[in-house]
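There's a structure below that I have some questions on.
In order of appearance the chains are A, B, C, D, E and F, and numbering begins at 1 in each one.
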Amino acid sequence: MEQILTLAGNNLISPIILSFALGVAASLARSDLSVPEAAAKALSIYLLFAIGFKGGVSVSSHGIDAKLGLTLLAGIILSAALPLIAFALLQVMTKLSRLDAAAVAAHYGSISIVTFVAATSVLESSDISSEGYMVAVAAAMEAPAILSALWLISRGGDGRRMDGDLMREIMLNGSIVLLVGAFFIGWATGEEGLAEISSFVVAPFKGVLCLFLLDMGLVAGRGLRGGSGVLRPGVLAFGITMPVIGSICGLGAGLLLGLSTGGVVLMMVLSASASYIAVPAAMRVALPEANPSIYLTLSLGVTFPFNLTLGIPLYVALATALTGV
Amino acid sequence: MEQILTLAGNNLISPIILSFALGVAASLARSDLSVPEAAAKALSIYLLFAIGFKGGVSVSSHGIDAKLGLTLLAGIILSAALPLIAFALLQVMTKLSRLDAAAVAAHYGSISIVTFVAATSVLESSDISSEGYMVAVAAAMEAPAILSALWLISRGGDGRRMDGDLMREIMLNGSIVLLVGAFFIGWATGEEGLAEISSFVVAPFKGVLCLFLLDMGLVAGRGLRGGSGVLRPGVLAFGITMPVIGSICGLGAGLLLGLSTGGVVLMMVLSASASYIAVPAAMRVALPEANPSIYLTLSLGVTFPFNLTLGIPLYVALATALTGV
Amino acid sequence: MEQILTLAGNNLISPIILSFALGVAASLARSDLSVPEAAAKALSIYLLFAIGFKGGVSVSSHGIDAKLGLTLLAGIILSAALPLIAFALLQVMTKLSRLDAAAVAAHYGSISIVTFVAATSVLESSDISSEGYMVAVAAAMEAPAILSALWLISRGGDGRRMDGDLMREIMLNGSIVLLVGAFFIGWATGEEGLAEISSFVVAPFKGVLCLFLLDMGLVAGRGLRGGSGVLRPGVLAFGITMPVIGSICGLGAGLLLGLSTGGVVLMMVLSASASYIAVPAAMRVALPEANPSIYLTLSLGVTFPFNLTLGIPLYVALATALTGV
Amino acid sequence: MQTHRAKRVEITIEAIMQSRLTEAVQKAGITGFTVLPVLGGSGRSGEWTRAGEIGRASGMVQMICIIRSEKLDDLLDAAFSVVERHIGVVSIVDCEVLRAERF
Amino acid sequence: MQTHRAKRVEITIEAIMQSRLTEAVQKAGITGFTVLPVLGGSGRSGEWTRAGEIGRASGMVQMICIIRSEKLDDLLDAAFSVVERHIGVVSIVDCEVLRAERF
Amino acid sequence: MQTHRAKRVEITIEAIMQSRLTEAVQKAGITGFTVLPVLGGSGRSGEWTRAGEIGRASGMVQMICIIRSEKLDDLLDAAFSVVERHIGVVSIVDCEVLRAERF
């Protein structure tokens, strides 16, 4: 317990978390501080490229693990199954309509790549290594949750179905393509490739992450200001309960698969985190009647900060204890 | 004298100054070279974050100085008083209307953070250290000048007053919030935090400053081209006299406070520099009838380049001579 | 031969080339991956500034070569002459109208600065040094080709002529001004200036180039998708034949001038590459009736990838063999 | 100067729906349009701004389509089929154009 | 397709005044509008462009507001109270809209 | 509120021609206009988007010019002289403006 608190404490006063907090505070105080959309997108392109590339390099140097296939499969199953749990939980804990509940559920099956990135950066600081292919698992977990949520809705008698266009859009979503593409580039070019561009993808990484989290804080704060009306106690409680439940599922999967401590942490983080890019976009197309301020505020304003501040240290502590390292 | 010339010479052929000159030249030659607005804003966010953060780290490692409070107070007084001097000077030297004179005066009480940044980078090259909290002083000096200028106008019988909204906008101006926020982040995370992100906030700093000054040169050149009509000799002379007067006030304050050589230089630079972000925006809201091309051209086209090229070496020489280092 | 293949192989699996390939693939697969315009422009500003600056520093440390003047002259002559060859070739190989042929020809006389940058980065990896002033030669070769192409058209009886405005626009084109300006800044500040900003202009260079090529791949792929209709076999064949012919002209010039191996390679690359920024813009003004999808698709979709993947290793091999190093 | 009567249709729609609108409009035989970026706005679903956003879930674009009057109904049908279940605004204005042969 | 008469009001105003205009307009009971970015322009106070600017002192935005005719006067009064002492342009066009219930 | 009749002219033109259009329009005695960025579009020369572009060869801007009716012909002549050989669209709408003295 003490260890968790220390880790959480250290985590809380890292520049990364404080940058996020600064963004939230500035936004709630109605400061006009803002990051231009193009700059925010450029930062996210950098982060996706760097994290994918480094994952690929790590796979190229440690060789492919027999567990890769199984871990990918576990990720896909988790992504597809977690929305069902989330949906059930939402129907118990909140008064959201089936439509809104399904839309929210989809977010919790899918993943937040920034939470993943923040976790890798905590792992690095704590010298805990992890499987490079967890990046690929992250990519694999983006989409299945969307299908589950749409299935939940169609079961409810609503004839709405996934069309081919949407399917393609989801699978070829810019962030998935960049993450997976950079992963393969890193894999193909290996340590040699890394040496060429490490002063770009490694050295400034954490600093860039600070600015990106500043922006996420600004956007989250704006969302909280505008969307606080939808944050009934039940909904709010869900936003904190669900990541914990997700992380436990991820923990189980990680232990079963026999992943490294870092790998287990990342599996927990992926399961615990909620999408705020791919899934919201898909929901606007497939379920336009669902209220975006509910799922955006929950995902970016509640679950993301929870994972960033308390969740990650908790997951690290649990995984460390249970993998016995 | 020779020392000043050498320093000025060295200063003039630094990549930073030459980048600014390139921007001005390209703009005057009507080249279509331009930096996208979003990129320019991203550069300024980087610079504010880095300079604030480094200031905070420096305070965290050198401990808080008993002089911090007094220096902040001195900054606020200077910011509030300099517009009165500037206003009097403008009425003597130029034929500007009371309104235009007050608007210009506000700019000279407030500060230019890029001039501050450029000065810290000259100090670093010359191995002159300074108080980390000068960043906080910079932030504190942004706003009081605006109040002074509005008071000058209201004294003239014009019933215009500061409204609460404007007050909040000025105090929670994005650049102040970011500077102060990053300062606290640096303070809280200290050397450890710096170690994590120094390859982002320290290593590439000067290079980023070059590109930013290239952009400032482009904007200043455009302003000079469009606003050269307003630059009557008296106005022009003011743009060079006022920073010298300001710097002397800053020098006095710095010596009285017993700041380090670098601290005195920065106090001079803050007093000598003129705002071109926070104050112009406030003037457009509070004094929309004042002519923006006068204050923008003066601040960015005359005083900024003067400080950048001749002012800073002069202030360094004076401070070095008088603090006897 | 084997050496070429090895070099080509190494070249092909570099992060730079693979990033371009990723962009093309994402675009052809209709992924929504995209780099914001402002970010792409910022990347190009960085690359132009860095490459110009480093060229200038190199000239400042190796001194001016007696060959500088002659090399510049050779560059200008090549730029002016290559469109005539290209035009003749187009009339033999394709059925393009005179207007379209002239517009395409202009592109092949001018140069692609990214191809140049990619080549310098291959040279660096292979430890082959080159004359720093080749950057100035690159700048000098941008414009003459445009004049040649307009002369070709006016010879055809069409009274269209270059106006002064267009002339100024071409010569003071943002990318030329930045490249030449940064070259002079590098020259003036020398190794000392480089030391100040090398962690900005040197260290992250290749990584930035990767992201830039990702974007160029996205744009090229989009062009191929939209413009594939215009890529008749003859036109396509021209897009691969012409760079080879150009490179041979560059090779002859480089050998005659007695340039270093690296210098010969860069001369070949400049001659072989086709413009996709300065010339297309000039063509839209001067020859608006020419079909942009022909010249843009050829230049960016065919010749650029050819040079990037096969051309550069080929030119390096030829130059190495013939300069006997 | 000779001008010709036409309709200017302005469709403000979610960015994520842009490709679907484009396709529908093109299927209706209309090939000319211009898309403007939108910075922010307000409506029944609240206020929003694009500042700092990286996703495409929020954010709108504005498509402007200038057409001959006789094509108006086709365009509106196409647009409506896309915006029907979505937020968004369609407005039509009478206008005059130069170079009518282009429309 | 069934359309309904409405007014399209376009207000070009300094970026720095946007929040004040928004507030005034909302106080006048109007909740729907769209804000477009502006690249540059020219007027009695000269020519300007946003390229490379970091401040918000220069630079304008364009607010487009589609409303029922009966609300026009309220909107214009609200807008006028904000632009009165400021630079900026207000223009009104008659338009037709789909889905009138939204306005 | 008192409004005055005017014309709203919207010219969609290649970004590279913007300075030439501006000059021509100013020579025709018109000093007020606003330029909007354009994200993308489609026309007889195909579909395009500005995403990721660094050149100015592709890409358009939209100039909006509000003028008194009597200046319309001068403006159209000026605009036409520039767009004549180029792609681009010119449309004119009747509008009402506040503060007529500004136009």
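Operating definition for what follows: contacts are C-beta pairs under 8 Å (C-beta built on N, C-alpha and C of every residue); 3 or more make two chains touch, one makes a residue touch a chain.
No experiment lies behind these values; they were computed from the predicted model shown.
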Shortest chain-hopping distance from chain A out to chain F: 2
More contacts between chains, A-C or B-E: A-C
C-alpha-based rotation, chain D on chain F, 0 to 180 degrees, nearest 5: 120
Centroid spacing, where centroids are CA-atom means, of chain C and chain F in whole angstrom: 34
Between chain D and chain C, distance of the C-alpha-averaged centres to the nearest whole Å: 38
Inter-chain centre distance, chain C versus chain E - centres from mean C-alpha coordinates, in Å: 45
Sites on chain B at which at least two other chains make contact: 32, 34-39, 41-42, 199, 203-204
Residues of chain D engaged with two or more neighbouring chains: 36-37, 47, 49, 56, 93-94
Chain pairs that touch, as defined at the top of this document: A-B, A-C, A-D, B-C, B-E, C-F, D-E, D-F, E-F
Interface residues, chain F side, partner chain C - complex: 14, 16-17, 20, 45-58, 85-87
Footprint of chain E on chain F - complex, ascending: 1, 3, 6, 8, 22, 26, 31-37, 61, 64, 66, 93-99, 102
Chain A - residues contacting chain C, complex: 36-39, 41-42, 45-46, 49, 53, 168-169, 172-175, 177-178, 181-182, 184-186, 188-189, 193, 196-197, 199-201, 203-204
Complex interface listing, chain F residues touching chain D: 10, 12, 36-44, 47, 49, 60, 62, 73, 76-77, 79-80, 83, 89-94
Residues of chain B touching chain E in the complex: 34-37, 40-41, 44, 165, 215, 218-219, 222, 226-227, 276-277, 280-281, 283-285, 288-289, 291-293, 296
